[in-house]
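Below you'll find the structures, each written out as structure tokens.
Below, chain A partners chain B and then partners chain C, in two separate complexes.
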Partner chain A sequence: MKQKAALIAPLIALLLLSGCLPTSIIDDVLLVEAEGIDYLGDGKVMGTVSMPNYAANPNPGSGGAGLPTTASMLRHLSGVTYDGKSLVDRFQPSGQMPLRVGKLRLMLFNTAMAKKGLYKQIDLRNRDPDAPRDMSLAVVEGSCRKMLTSADYQTQIPVARYIQDMIEQNSEHNYPESTLETFMYAYYGDYMDPFLPIIRKQGDHIEMYGLALFKGDKYVMRLSENRVFTFKMLFQKFSQGVYDYEFAPNKHIALKNVHTNVNYKVKNGNSSSPDIYASVNVRAQIRQANPGSISKSTGPGMEKKLNKHMAKEAVQLVHRFQRKRIDPLQLGQHVRSYTRNFDGKSWPERYPNARFHCKVDVTIRQTGISE
Partner chain B sequence: MNDKIKPAHQVGPVSAFFIPQVMQIGIGYLSFQQIITKYSQQDAWLASLISGALSLGILWVVLRLLENERQFGMPDLFSIHTRIFGRRIGTILNLFTVTHVLLFAIRSLRSYIEIVHVWVFPQMSMFLFSLIFCLIAWYIVSGGMRTIAGVCLLSFIYLVPLSILTLFIVPHAQFENLLPLIDHSPAALLKSCYELTHVYLGFELLLYVYPFISNPREARKWAFRSALTTVYFYTTTLILAIAYFSQGELQNTIWPTVAYWKSVRFPLVEHIDIIAIVLLLWATIPKVCLCSWIIARAVKFTVPKIKMKYSLIVILALFIAGTTMIRTGLLVKQLNVAYTRYGALIIYIYLPILLFCQWIKKKRGRSAAS
Partner chain C sequence: MFWKNSKKKNDQGPAQPSKSIADLLVQLETNPDFNHFCHKSKTLTCWISYINTVVDLEYIHRDLLPALYSERVQCMKDIAQVVPIDKLIETRDLSVIQTSLLDGYFMIQPSKRSQHVYLIPCPKKQARQVADTEVETSIVGAHDSFVESLETNINLVRSRIPIPQFKVEEQRIGKLSRTRISILYIEGLANKANLNTTRQRITDLETVSVINANMLALMIGDNSQSFFPQFIDTERPDRVSGALYEGKIAVLVDGSPSALILPSTIVEFFSTIDDYSLNWPIASLYRLLRLFAVAFSVISSSLYVAALTYHYQLVPKDLLATLIVSRSSVPYDPIIEVLLLEVMIELLREAGVRLPTKVGQTIGIVGGIVIGTASVQAGVTSNILLIIIAMSALAAFITPNYRMATTIRLMRFPFILAAQMFGLIGVGLCFMFFVCHLLKLTSLGRPFIEPIYPMRVTDLKDSFIRLPSNMQGQRPLFLRTADKNRVNLHRTMQKKGKAKPDIDE
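For the complex of A and B:
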């Protein structure tokens, strides 16, 4: 046996050496972290890729190993191509090293692109084994190219990471979670439509600017910032959102929800106007209140007002979706789940007639540390 | 040939747990969700349970066959065939069942290469990879049954982390997707069951290994535990896949398991999917080893003159040739379809018939004796 092993070991070594494959060593590739796509019209897009730039701080200990750390690598590339083209392939001719999408964290589309439809882009990402599925997508109000290539941000970290951190952070607060994963879930799934956050550049920083609601792959409606809480409340359970309620002109209270969950019930799912019942439970703290407007004793009264107000807002929101015939809340999916022999073919016609009932139950747990 | 296996060459009864388990769980684990949910959408988990129950039933048939045979000599399929049907027909039947083992090996190896091609190294040479792979297999099989059983145990241990990875998708799962429960016709469920056959196949290889397992009474228990574990494993994976993907998305995804590995992210380790795929090599090694060992034994059984260590080389060369000839993904798919059909034919139809034949033979023998 030993002899045999001694015989085959060099043979294996020989084969392994001859079987060398192209590698992607992290120092020798350009890691694309963000892609931005601006629609130019007529099937043409302006694509931008952004790479991190590990430069600028001279490293005394770098010696002579490989790249001098002070050398600057390419930071971004942009150019015109057709919709659905893999940007990495498009820009390889101008890359000093192989471009790789293995760490792609962010894809941005400008509003024109989103309005035109993202199906080619989503198909590209769905087909690609290299790009991760948990990257963030966002619609940009303005130009993606400008956003990714500007050098006037306050922060020094690469813009791709800046934007992604911002989106991820906000999806723990008011904004619903949205990644490539959730987008594909809703895009390919039946009886639902996807949504993405909208971001825009404001001077030297970037901000969230509401939600872009899609019909299929096309952006059709913007949900403004102050409706996002209501949307998320109906969409998933969450905590740490902040809801601002103007109970009288110029008098606000702000709730920070400790925990919110939502339950759906459906009746007559196969009739021409199904009844959808949403019951939302909000447990909240008061973060800020108009002086004198709330205390432990006036809490219950405020709760009732809030219940009514939030339920009304929710119903209005759903009516707006029904008029646009979009279903970002995945109500169709809820109806399907609670209906035997669900009639999916006629659902698009029935959806606008569905009756949406919402019951909100707010519990104010704390009103703060002062009376 | 028909002398008993020496205890020194036998493996412990717990091997009856690891061997079928490792044979069953493999590349099919990456993609079975899509094919099954095509017919019975959210109720596919039910099909998985039914299919699992059927596999338990067939396992009973397998063990029954082997136990009935023990009194006549070697309890394995080759001896059963030749005893019941005579030397000539028995050899043909041996060829018939061993072809399935050959298909099993080539399909495992080729599917693994396909996964590596798609996800990790598109440029990898099929020939070189299968050559190195078969060298490893040759080295292991030369060590005999005990080494193969050891590799099965190792494989089981190495694959445990993969099943834990699945837990990361639980927070993203929408269990509402499983509703409404049982909303499909029995026909649709049966179709799904049939499509599931290929993931449960593999336990029937006990038919060849059984004489090498000591303490059969214990071994039988372990075999059933193994089959139950597989049912649990596949059913939970399926439930999670249904909850995590929307139906449309699932139909669009060829390798759902890898797709959700793709969305697992750790601060330091990116691309768990690639690590997991490389780890899956360990699901393929024991399969190829055991299959080549079985075929070599079949050769030895038919032509006792040929020594196993020589036939083994030819068999592995055959694996390499078979693997290299299947060039495109489409052919791999067709191979898998053929394998599923063949396997379903063997376990669901052929084995029960064989048990029946064995029973008839016993009746006849008894009436002839009296």
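For the complex of A and C:
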């Protein structure tokens, strides 16, 4: 009898107390989809959150009857607060329903914010168990608020999803993958620096505008769009990128890479000027070529030209990073992994003197359906 | 109050056992269908009694009485020689006399109150014709099913197992009903311990009557509190004979068109006879489909509740809009919505079963289409949920065994409640509870979820997947049969000889 009571009592308590659990019923919360943070100076920021606005399907019979209650929901909120404040908490007083951060897909920072440093924002997200790790981060050339609240886009879908789809789609092509997770990995990891894509509003649409390279948490350098392929080529193996090469004035050839992989080798890792050897293999098809510029006979010659050109570009790129003392390619990690008893303390001093050698091997697999 | 009354009635004692044959005859004589008369001829005088509603009257009038009345019968001893019968029982035992008379025996007494009687069996059995299976239908397999007569049922099984080792043991259960129960097994295959347990459980049963086999299954089951049926009940003689060949035991109850198969494991509840008439990869796929259906049926609505109440993060972004829009006009929480629809489906099903077949179909259409659509348009439920509930109901009906299907349909309610209380953790807890229960459950003392735990790799050959018959050479390990190999393994496993080149040297 006593045993039964001991079993039943907690069950009853569970049953009765379960009403006290806070719920997030899907249509009774505001799902924050994007946050934008514009730096105002003096530790103040202008925060913007954007919520999706799901209008009921106008097709008769497929939706419910009555007024679509979500159609009239709040779409965005903005206001001034201090850097590092959780925007959900900031705007809760003005929310018509509880705001939830669990479906956050996008965090935008304007260039001023990025230049000032993101560590407070990153720390906030790092602490938050609710926020997804695979959300996209991006630096906005211009105002985040304007980008998130403008109503003049061509597309009808919520702008947060529009931007996120765009970033995600691009990271399958030329842009390296960048999510909160990869950003935090590079930010907290040793011998590496993070990067984020830059986006900007161009009239009635949004476009990718290169890569923002960070030194620690501070935005220090923009990589223009036509260098992104080279960057990604040195950063990870990938496919489906497009590389445009102007082999003579006004004569272009465009490659679509079927597969690209990169191998690093390091010599003299603990010397004052370590040698880093990158060997890149590019297998590609010709997407577009100046008429008559490529044929069976000229193919090998073009490959050689490309090898040289791409290697030169890669070396130039790394030199620029070295001058800025940033390491978005995580070369330091490669050096460390190739060096026994790696001297990490002196690495920041030695990194600018490191000699970077690059060998590119382009193989043209296909030149299109016509000869 | 009611108890007192019934006790008083009992005191008047219609259930008093007869002390002597006179008492018995007096007791029976009040019935209009009891014939008790004196036959007087030149050579023999005797008393004849029988109950004309349980005996074969045609046989008595055509064969028995003319022979008995003939002049060749000089005394009682002559009956066996003259009358065309295969069995004449001579007895003084009152209990034998009583049961025989009630079973349709023809009784002959030398004098009216004589204790010494002769009994001739001539029972008439009213039984349905062997008909098509209705509960466990099969497309390509056999179509005959058990009927309400024990003799016919045993005949159906015995004709499939024409060997002398096939044994039928008969017992009578039920203090008042004295229902005949047969235990079927193949001697030399069935495990002795299993057999003894079965015998003991049946003989030790304290009950007034046994109405059908499923009732017996509940009474002799290992855990009568459990949601899960522990013995398979089947109406298919081919399934029973297959089980007997595996070394299992079958129990038949007179008046019940289903047989019990003992012991059973949980995976057997999800296999059908059609699995064995299909190619093994196809059969395996269908078994996996059934398994998936069960999981879907149990989990889906509770996952809906959990995801929509607590874990909005889990909903894919493209589904989010659909879900929110379809739920936007629903005034209730997900749990109320789900319970509403689940109860509705259960009502429909129950109404469909209780109503006559022709009306039942209409109910299905009215319920499924009209109520479903109307409830979505009225904004009481969301259309996504309607799809989920309908699919999970459909999935539950896939389970071949009716009793298991009922269990699975009802199992989802604790899951739904747990999901409302604790979200996914609740679903996990509920799942753990059921797993613990299943781990403890036994069937005839054998572990109920046997191929999974305890893990018996060889028994997996005929569980979630069905391997080809050349790999089914061994009987299930868990039955501990006396002969563990079905076939000569040495011959089935024999490698082909080395191919020799035609032209040598």
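Here is the rule we use: the second predicted complex is superposed on the first by the 338 of 371 C-alpha atoms of A that agree within 3 Å, B and C clash if a C-alpha of one lies under 4 Å from a C-alpha of the other, contacts with A are read in each partner's own complex, and residues count from 1 in each chain.
Rule of thumb we're sticking to: contacts are C-beta pairs under 8 Å (C-beta built on N, C-alpha and C of every residue); 3 or more make two chains touch, one makes a residue touch a chain.
Every value quoted in this text rests on a predicted model; they were computed, and no experiment measured them.
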- [ ] Please indicate which partner A:Asn250 is in contact with in the superposed arrangement: first for chain B, second for chain C, both, or neither.
- [x] neither
TODO: Using the superposition on chain A described above, determine whether A:Leu31 touches chain B (first), chain C (second), both, or neither.
DONE: second
Open item on the list: Quick check for you: in the superposed arrangement, does A:Lys4 touch first (chain B), second (chain C), both or neither?
Closed with: first
Open item on the list: Output check: A:Leu21 vs chain B and chain C. Expected answer is one of first, second, both, neither. What do you get?
Closed with: both
- [ ] Considering only the touch criterion stated at the top, classify A:Gln154 as touching first (chain B), second (chain C), both, or neither.
- [x] neither
- [ ] Once the structures are superposed on A, label A:Tyr185 by its partner contacts, choosing first (chain B), second (chain C), both or neither.
- [x] first
- [ ] Name the contact category of A:Pro129: first (chain B only), second (chain C only), both, or neither.
- [x] first
Open item on the list: One more residue to check, A:His334. First (chain B), second (chain C), both or neither?
Closed with: first
TODO: Tell me which partner A:Lys103 touches in the superposition: chain B (first), chain C (second), both or neither.
DONE: both
Task: Footprint overlap on chain A, comparing chain B with chain C - done: 15, 18, 21, 102-103, 132
Open item on the list: With touch defined as at the start, can you tell me which chain A residues reach chain B in the complex?
Closed with: 1, 4-5, 8, 11-12, 15-16, 18-19, 21-22, 102-103, 126, 129, 132-134, 179, 181, 184-190, 192, 333-334, 337-342
TODO: Would you pull the chain B residues touching chain A in the complex into a rising list?
DONE: 118-119, 121, 123-125, 128-129, 131-132, 135, 139, 142-143, 172, 176-177, 179-180, 183, 245-249, 251-253, 258-260, 262-263, 265, 270-271
TODO: State the interface residues of chain A toward chain C in the complex, per the touch definition above.
DONE: 14-15, 18, 21, 23-27, 29, 31, 52, 54-57, 61-70, 100, 102-103, 105, 130, 132, 161
Open item on the list: Touching residues of chain C toward chain A in the complex: what are they?
Closed with: 307-310, 312-313, 315, 317, 320-321, 323-330, 333-334, 376-379, 382-383, 420-422
